[in-house]
Amino acid sequence: MRPFVPSATVRRLTPVAFMLLVVASSAPAISAEPQRALTFEADAPTESVDSNEPLALLASCDKKLESCTTDAVGMPYLIAAYLVLWAILVIYFTLARRGQRRLREELDELRALVREYEDTFLKGSEGDTTA
Amino acid sequence: MTAKTIWLILRKDVLIELRTREVLTSMALFAVLIVVVFAFAFSLDETRAKLVGPGIIWVTILFAGTLGLYRLFDRERDHAAMSGLLLAPAGPLAVYIAKVLGLVIFITVTEIIVLPLMLAFIGVPLPLEGIPLFALALLLGVLGFSLVAVLFGGMLASTRLREVLIPIVVYPVVVPVIIGGVKLTGAAMGDGLPGEADNWLRLMAGFDIIYLALCPWVFTRVMVE
Amino acid sequence: MIEALELSRRFGRQWALRRFSGRFEAGTVSAVVGHNGAGKSTLVGLIAGLLRPTEGALSVLGHDCATGPRPPAVRSGLGVMLHQPYVYPDLSGAENLELVSALYGQPLTSKARHSALHRVGLDKAARRAARTYSRGMLQRLSLARLLVQTDARAWLLDEPATGLDSEGHQLVVELVSELRDSGRAVVMVSHQAALVEALADVSLTLERGRLAS
Amino acid sequence: MKAPQSSLRPVFMPLLLGAALMGVIYFVFAVTPREQQMGEVYKIFYFHVASAMSCLSLFFICAIASIGYLVLRNRKGWGRIATLSDQVAHGLAEIGVLYGAIVLTTGPIWAKPAWGTYWNWEPRLTLLLLTFFLFVGYLVLRAYGQRDEKVKNMASGIAVVGIPAALLTHFAIQLWKGGNHPQVVTGEGGGLADPAMRQGFAMAVGTVALLAIYLVWMRVKTHQMRDEVEMLFLDMSDLEEARR
């Protein structure tokens, strides 16, 4: 039973449709208004907040929010998180891609081999009758 | 036909167990050893015992139950016994129900032997009026665990990886029943809010009902090629 | 009775069995002969229902195997003796026989059990645990199933004479002949030429998973 | 039938997705405002929660596909659909576990500055962790078992149990923990007041979901190719046999 493969047109249309979607979704970003303070109640920070705990520094930051330019406290975590995100995606993608390429080569090789078998077999069978 | 086959398989497992007493001794011994290790690890005193006791009991049940599961299916693995059972007219459903009942019986008997010892070692007072709730929690918990464990144990018994795979797959699924058991055991020992116990009972009963309906369906479809 | 059409089964990248066609009629002993690895056990697995065909059609006792699990009537109608004897070492010979008979048909009367064990020469060892049996004795215990599983209308035997001495061979010949004479279809898989000559009405040879022409 | 492998296409899609991802990240960093209490660091939540949503829905669809496989594999004439649904289920599980890994790494990184501990057992992350283990078992089984019927059945059995397991674990943890996970998205705990935040989050969810669809499609192609390789080996042994 041959594996099920979507028709050629479906495969050609998906990238175009996808590109339109991404462009549409990022359009509003370009016209976003300037930043404003906003309310966002995360849970109350844990009671035992000692001085060097990053949270304490955070809380003090909001009194002078407008001038709170450098958010040094959270930045390393933020960068670390996005680096992890990228690392996982890129590493996985390259591994999967390499596996797929190796598989595709093996597949093409096998197809050639089978075609070659069929040719020699057809030529070879003029003489005798096969079971 | 199925009921007869269930009885036959169950009777066979119990008969072999009475002769060899292999499963119960290993499970009971294993359970007592775990409790002793935990007792040393937490260096229990009166107050902490009440906090940690239920946890120890249910972890012990979980591990001893897993040991019992491996034993239960080892017997079927050699001499192509599993295929003999699956080809029987009653088919995989009877095998599944018989094995679930077998595991429940084995774990319950181990509990009866080991629990008094455990309570003594941990030094947790189980008040008399707490016993019915504790027994109900044990019943629901062990049934829930057995339903899931036998499904995956039976499925994976023939693969090389079963010791690795069965814990990875079974434990996440039985977490609700284990937490429920611990909470109800705590309630039975006197602490914990009264209202909470009902919620946990409902959750564990729901767990058992859902898997009572789902597991046979999956087992019968998966065990036959 | 049992019919296979272009039956194929693959394991990974090879064909364990490829385009096997054959009809096994009632009242005949059909032998399937082949060296090790020729696909005999795969064929047994397919007919018994342990394996699912990759291609081709198989019907056992009128049930088309492609349409899903077999009804109980077909399961008890097909007696299967796999290469490994189906036995629990901790149960005694008699208990094993009772268990199998009850699982696959009606419970065994003690008279029928006794006569079956006597016929296969195990009446002395009936009470002992099967663990203490030799390979030949285990095979004889399996052979006792031929007498006890009376519901079976067709039998599938995988190497019925493994581990048996000459007297055991004779026993197999007698038992299988009785099955044939009582109108049952017997499919026997074996690589022992002597057995095949003595019993087989029809003989198929398997080479590398295919029917040898 | 020979699939037209235009050289451009295999590179085009990943670049496009990469660009989209960069676009969203730029939007998150540049445009969305700082959060009043956590400042910049809360911005981890965009992709953390987006990945979590995709992860759980991938597992859910994988379970549905597995049910489809178990039901259809015995139906006459449904063989190819059953094989496809099994391949799709396998692909969904792989990408689900991949996204699970993202969630389970960015989660603690966010929790440390926000709540002071790397792991505080809040409900949704714990639920995802447990379901993650279940599907890791699924992948381990798939990786080590050969690609025959039995392994497909067993894997489907594991995936199918995923749905009730996730639901019951969710209720159990709610009961157990009471939950202090800020209901950022669902709106109980303040929600996304700022429109820019909402857009940022919508874009993150959209991009992550589309990336997931693309990755699953890629994995399904790989599985189909692997099956085709085995088919070709079988055809070759047929031809060899016929020639002998």
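Labels for the chains are A, B, C and D, by order of writing; each one numbers its residues from 1.
Basically, contacts are C-beta pairs under 8 Å (C-beta built on N, C-alpha and C of every residue); 3 or more make two chains touch, one makes a residue touch a chain.
Here the structure is a predicted model, which is why all the values come from computation and not from measurement.
Colleague: Using the touch definition from the top, how many steps at minimum link subunit A to subunit C?
Modeller: Counted as steps through touching chains, the separation is 2.
Colleague: What are the two chains with the top count of C-beta contact pairs?
Modeller: So the chains sharing the most C-beta contacts are A-D.
Colleague: Counting in whole Å, what is the centre-to-centre distance of subunit A and subunit B, each centre being its mean C-alpha position?
Modeller: Computed from C-alpha means, the inter-chain centre distance equals 41 Å.
Colleague: Between subunit B and subunit C, tell me the centre distance in angstrom, where each centre is the average of that chain's C-alpha atoms.
Modeller: 37
Colleague: Nearest whole angstrom, what separates the Cα centre of subunit B from the Cα centre of subunit D?
Modeller: So the centroids are 32 Å from each other.
Colleague: Measuring centre to centre with CA averages, how many angstrom lie between subunit C and subunit D?
Modeller: From the centre of subunit C to the centre of subunit D is 47 Å.
Colleague: Give the residues of subunit B touching no fewer than two other chains, as numbers and ranges.
Modeller: 225
Colleague: Hey, what residues on subunit D touch two or more of the other chains?
Modeller: In subunit D, the residues touching two or more other chains are 149, 233.
Colleague: Got the subunit A residues that touch at least 2 other chains?
Modeller: In subunit A, the residues touching two or more other chains are 131.
Colleague: Where on subunit D does subunit A make contact in their complex?
Modeller: Within the complex, subunit D contacts subunit A at residues 1, 3-5, 9, 12-14, 16, 19-21, 23-25, 27, 31, 33-44, 47-48, 51, 79-81, 83-84, 87, 98, 101-102, 105-106, 109-110, 112-116, 180, 182, 184, 189-190, 193-194, 196-197, 199-200, 202-203, 206-207, 210-211, 214-215, 218-219, 221-222, 224-229, 231-233, 235-236, 239-240, 242-243.
Colleague: Which part of subunit C faces subunit D closely enough to touch in the complex?
Modeller: Against subunit D, the touching part of subunit C is residues 10-15, 18, 52, 66-69, 208, 210.
Colleague: Touching residues of subunit A toward subunit D in the complex: what are they?
Modeller: 1-5, 8, 11, 15, 18-19, 21-22, 25-26, 28-29, 32-33, 35-43, 45-46, 49, 53-55, 58-59, 61-62, 65, 68, 71, 73-75, 77-78, 80-82, 84-85, 88-89, 92-93, 96-97, 99-100, 103-104, 106-107, 110-111, 113-114, 117-118, 120-121, 124-125, 130-131
Colleague: Under the stated contact criterion, what part of subunit B meets subunit C in this complex?
Modeller: 1, 4-5, 8, 12, 15-16, 19-20, 75, 79-81, 83-91, 220, 224-225
Colleague: Using the touch definition up top, name the residues of subunit D that touch subunit C in the complex.
Modeller: 74, 76, 146-149, 230, 233-234, 237-238, 241
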